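Structures for review follow.
Shared between the two complexes below is chain A, which has chain B as its partner in the first and chain C in the second.
On to the complex of A and B.
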């Protein structure tokens, strides 16, 4: 019983313990707030990448692309682990933005994506990003305003090429003249020497911002057939650049990717000897994470570095708990002597002080977690208040791809930090507890010591 | 003397004091490393923005001809060391070999003038190895047009090390590449291919493909992601591609290198005045047209982006500072413990005639000493970490297979490794002040100690 009573008594009676509780609470509070915001930002960005790419990608970096994709698509779509697949033409293009007969912005660099809107919506978030055709994705590339022109879908940033483009959701009445550099299946320039370039006018029918500058700055969606013709990928055996794949919900990402790799290897074995079969050897199967590994791994690394920095600082909390418990052990030598003289074992004495450290951890981490949770709940209103009163904008929406400060508390992270705080306190209390356990009653209770 | 003796004694006898020194050192190291990394990055961005185009840039907003007299006038301005014209091209496609086509932006430069503006020779793999000045001449191909190709266009850095295979890349010098871009094939095309506001009806068929065969004269490598992904052409060639109708060379940017030290804001004002006069008198521009010209320092060019980084740095430093302030509590705890256990010493000192102020100064001084020792160790550790940060990063890569720094993400290929001493000094001062603050209350408690209460026999 004394193992329960004494730690509580020391916690209440010794005011210095409040300092240890305060230190632990402060550390837990800051770590919870920072890591929640960082995790929210990281997972928000990752979700956007995932949504843009799908689960898996089969593609070639070469602009020439690869052939016989229809046969592979059949194989993919009949596989039990695949929910949907979307063939895509990807090519850098030159874009001339025509606002009216006499206003034009020329030679902007763009990234053309030729898609089947229905298939692509099944794999990626394309359908959700559309501002005006969400319920009618199949009609996204047609416009009643310009029935003679094929439609295209741009994004805010691409429209931002224009000086007077605004940020609302209205689709400006503009035309993109898109110029590509068609390549033959052998990689040579197609139709070279004819003077005229492969240019086609597209009327902007909708906008579909992903929320990632990397894609939003220059992506233009057009219909699959238009893109294939524009990029010369319908010359000879038809070609594409990438297949985006979505797995069924219960399929693990790595397992799904491995299965696609197996399917692809089998496909290459049976097809490589056909005309342009060598293009298939340049194709790689990647999960969405490895497809954008430079960004995804950088996000993970930054998060890890932050955790590392915080764990270093956590040492200071350990030091404080150590000092406080050490001080209490020094002051309570008589208690230790009495406890031992009435038969308490060394382990029980150590347990008293470890229990004290545990209590400091529980209270400190509890207060810190509670404070952190409340702070996170109100973080966006605090940020608004700061901006209204001090013009201090902590979260600039033009910089971060997420509209408001992420404050979704992850139970795993939350409990992990609390456990870490309590463990730090136990580590801090360990050495003084062992010292207390080693004390002899004869040393502490002799008259000279009293 | 007594104080010094007591400090040394407490330090020797109370080993726990070393914990507070360690805590202060740890906090200092962390803050110095973080601030140096951020400031190093900001400085690198500022340096890089001035690297190619000089300390002051002039963007007229359109192509101008007859710029030579203007640049000559500028070179006579006190504080101006060199000037150079540039011709920024548009989006293009670069055919590097079979099936290897890259989107690219190109820049027209004059090698001789540009070399005065920046350390071009060091950035060109071929020129750096020879004594000849940078040029677009391709050995063995006197009639071909040479180009400098950004290294990032030719090769991908190794996934593990983020480093290029320079020897393999150098072998590409002399190889033919094809640049494809477009231009408007109409007569009155003064405003094209820049942003146009003409009154002609333009159609897609007026847009002509321009294909230019070029040969790689050198490889451009700066360690800066953006510059390493550009294509550099002779300024005259850009003129031929984009403005074949122009007999004179036209440019759309000019750069100025200032001598050190120079008053950049003052020179910017002078340049603006010169430009207004030149545009009005020599180019015949209306004032409304002149006002679209952007003349600013390289630092101003990057001000918005850098302000965002600075804000992130301030927030991070605030967060770390708050957590490091826990160190104050640690110092307080340790000093409180020392005061509690050394009450007899204090009482004896006071009974010998020491004033309250003297007792306070013993513990406060000791706290300051702890702060000085801790921050000194922290500064040394911070210096070692920052100066060797690229080595540490490489070790982490080798041991854990984790590449922390990639040029494709962080622009530069090396982590900034310069210690920011101005921030470091503030951090050291703050650490000493924090230690003194932590020791203050225990010191006051010590001063309040009454010898009669402590030393009486009961």
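On to the complex of A and C.
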């Protein structure tokens, strides 16, 4: 029983223990706040990538694309693990932003995406991103203002090309002249000798920000058929660049991808010897994670780096607890001798000081976790207050794709950090406790030691 | 295992028997020979005083007899069992159940109150669950000891709130809580004024008269004279 009473009394009576408790609390507080915010940011970014891509893609990096996609789409859509699939034309284009018939504003490179809005909404978050056609996705590429022009969907950043564009969700009355370099199935220029380019005007009908700068800076959605014609992919056997796929909810990502790979390999075996069949061999099947592996792996690396950095903070907690327990052991050497003289074993003496370290961990981690939780709950109102009073904003929302600072506390992360804090304290207390256990009672009870 | 038998009046049974004890401590490059072949025996129910000058090795002898230290050479037997043959666990049991130490500087734990200090050896002898089952009995016993030592009103006080004499009486109560066969008292009056010291010695005498075996070390001849037998330690040997 004294193994429970004594550590608690040491904790309460010795002021130096307050230092250890505060140090542990501070470490746990910082780790919980930073890891929660970082974890929220990275998982938010990952979710956006996932939402933009779907679960899996079958595609080629070649601008020529690949053929016979409709046959493969039939196979995909009849597979029991596939919920939906969307063929997409992707091509770099030149975009001229036209304010009126005689006023050309600017021109930039853009990324054209030709989609069937209904099919693409079933696979990705496209329908949810639309500001004005969320309930009427099929009509997204038509405009009552300009019935003679096909519509296109742009994003905030692309509108940002216009210096006087509105920052709100209003769609400006502008036209994009989109110019493409159409290619044949052999990779040659499709209109050699006839003017090498295709240009088509599109009226901006809606905006659809994904929340990722990588896509929002230049993506322009047009209808699948318009894009196919603009890129010359309707010449000969029709071509596309990518198929985006969504699996049924209970399908594991890797298993789903493997099944798609199997279906694709099977399809290639039966189709590769047809005209333009060699284009199929350039096609890869990738999960959304490996499709954007450069970003996803960077995010994972960043998270691991943060974990490593914060494990260094754990070392600081270990060191502080070590010093404090060492001092307690030094101050309480007489107690060690007394306990041993009444028959306490070395293990039990060690348990007293380990118990002390454990209590420092429990109280420190508890206070830190409580403080961290409260801080996270109020982090956005704190940031708002700082902005209102000092014009200080922690996260520049034009840089970070977040509406608010992520503060969703993950139970696993939260409990993991608390356990980590307590474990760090036990590790810090271990060496002094062993030293206490090894002390000979007569050394500590001698008059000269008192 | 050393038995914890009930205390007897003085008999001819030798309960503690030490022979050929040698002990030295390193002092710089040399060694200080403290005990140079001590032979010592205590019968059940005896009150023995070991007297000697300061630094003569009295406390060292007491620590060796109580299993707090080991001799370089020689043996200590308690009821025929050689302490050197006991495992660490059995030696802890011996210190917990068979002997009770009383120190010159009381050695009470500052964080515990008087009653908690007294029942500490009971806590040390059993686990948490064992303590929960016997804590009422132990506290009752502790309170009875406090009452017999005239400290019933001090049970909730902390050691720093007590006088030297009161602290030493608490230390005696702690030594007695597990009803040990042997009390080892190291200068029990060495830190007290003569009147208070005399009161402590009265208490030890009363304990001895009720059958408690006591070995006390002191540098003070007058204190030693209160014991039933006196042995002198000089130049590392009993004379």
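The definition used in the following text is that the second predicted complex is superposed on the first by the 442 of 450 C-alpha atoms of A that agree within 3 Å, B and C clash if a C-alpha of one lies under 4 Å from a C-alpha of the other, contacts with A are read in each partner's own complex, and residues count from 1 in each chain.
One rule holds for everything that comes next: a contact is a pair of C-beta atoms (placed from the backbone, for glycine too) under 8 Å apart; a residue touches a chain by one contact, two chains touch by 3 or more.
Since this is a predicted model, take the numbers as computed values, not measurements.
With both structures placed on the common chain, the touch criterion links A:339 to chain C but leaves chain B unconnected.
Once the two complexes are laid over each other on the shared chain, residue contacts for A:13 go to chain C alone; chain B is not touched. Judged by the touch definition given at the top, the superposed model places A:2 against chain C, while chain B stays out of reach. More residues of chain A are touched by B (comparison of chain B with chain C).
Touch criterion not met for A:411: it reaches neither chain B nor chain C. Once the two complexes are overlaid on the shared chain, A:348 sits against chain C while remaining clear of chain B. On the chain A side of its complex with chain B, the touching residues are 16, 19-20, 22-23, 26-27, 30, 34, 62-64, 92, 94-96, 98, 101-110, 163, 177, 179, 181, 183, 186-189, 192, 195-197, 199-201, 294-295, 297-298, 301, 305, 309-310, 312-313, 315-317, 319-320, 322-324, 326-327, 330-331, 394, 396, 399. Only residues 1-6, 9-10, 13, 334-335, 337-346, 348, 440-442, 445-447, 450 of chain A touch chain C when the two sit together in their complex.
Looking at the complex, you find that chain C touches chain A at residues 59-60, 63, 66, 68-69, 88-89, 92-97, 101, 103-105, 107-112, 116, 120-121, 123-125, 128, 131-132, 135, 174. Residues of chain B that touch chain A in their complex: 16, 19-20, 22-23, 26-27, 30, 34, 90-93, 95, 98-103, 105, 178, 180-182, 184, 192-202, 204-205, 207-209, 211, 308, 311, 315, 319-320, 322-327, 329-330, 332-334, 336-337, 340-341, 402-404, 406, 408-410.
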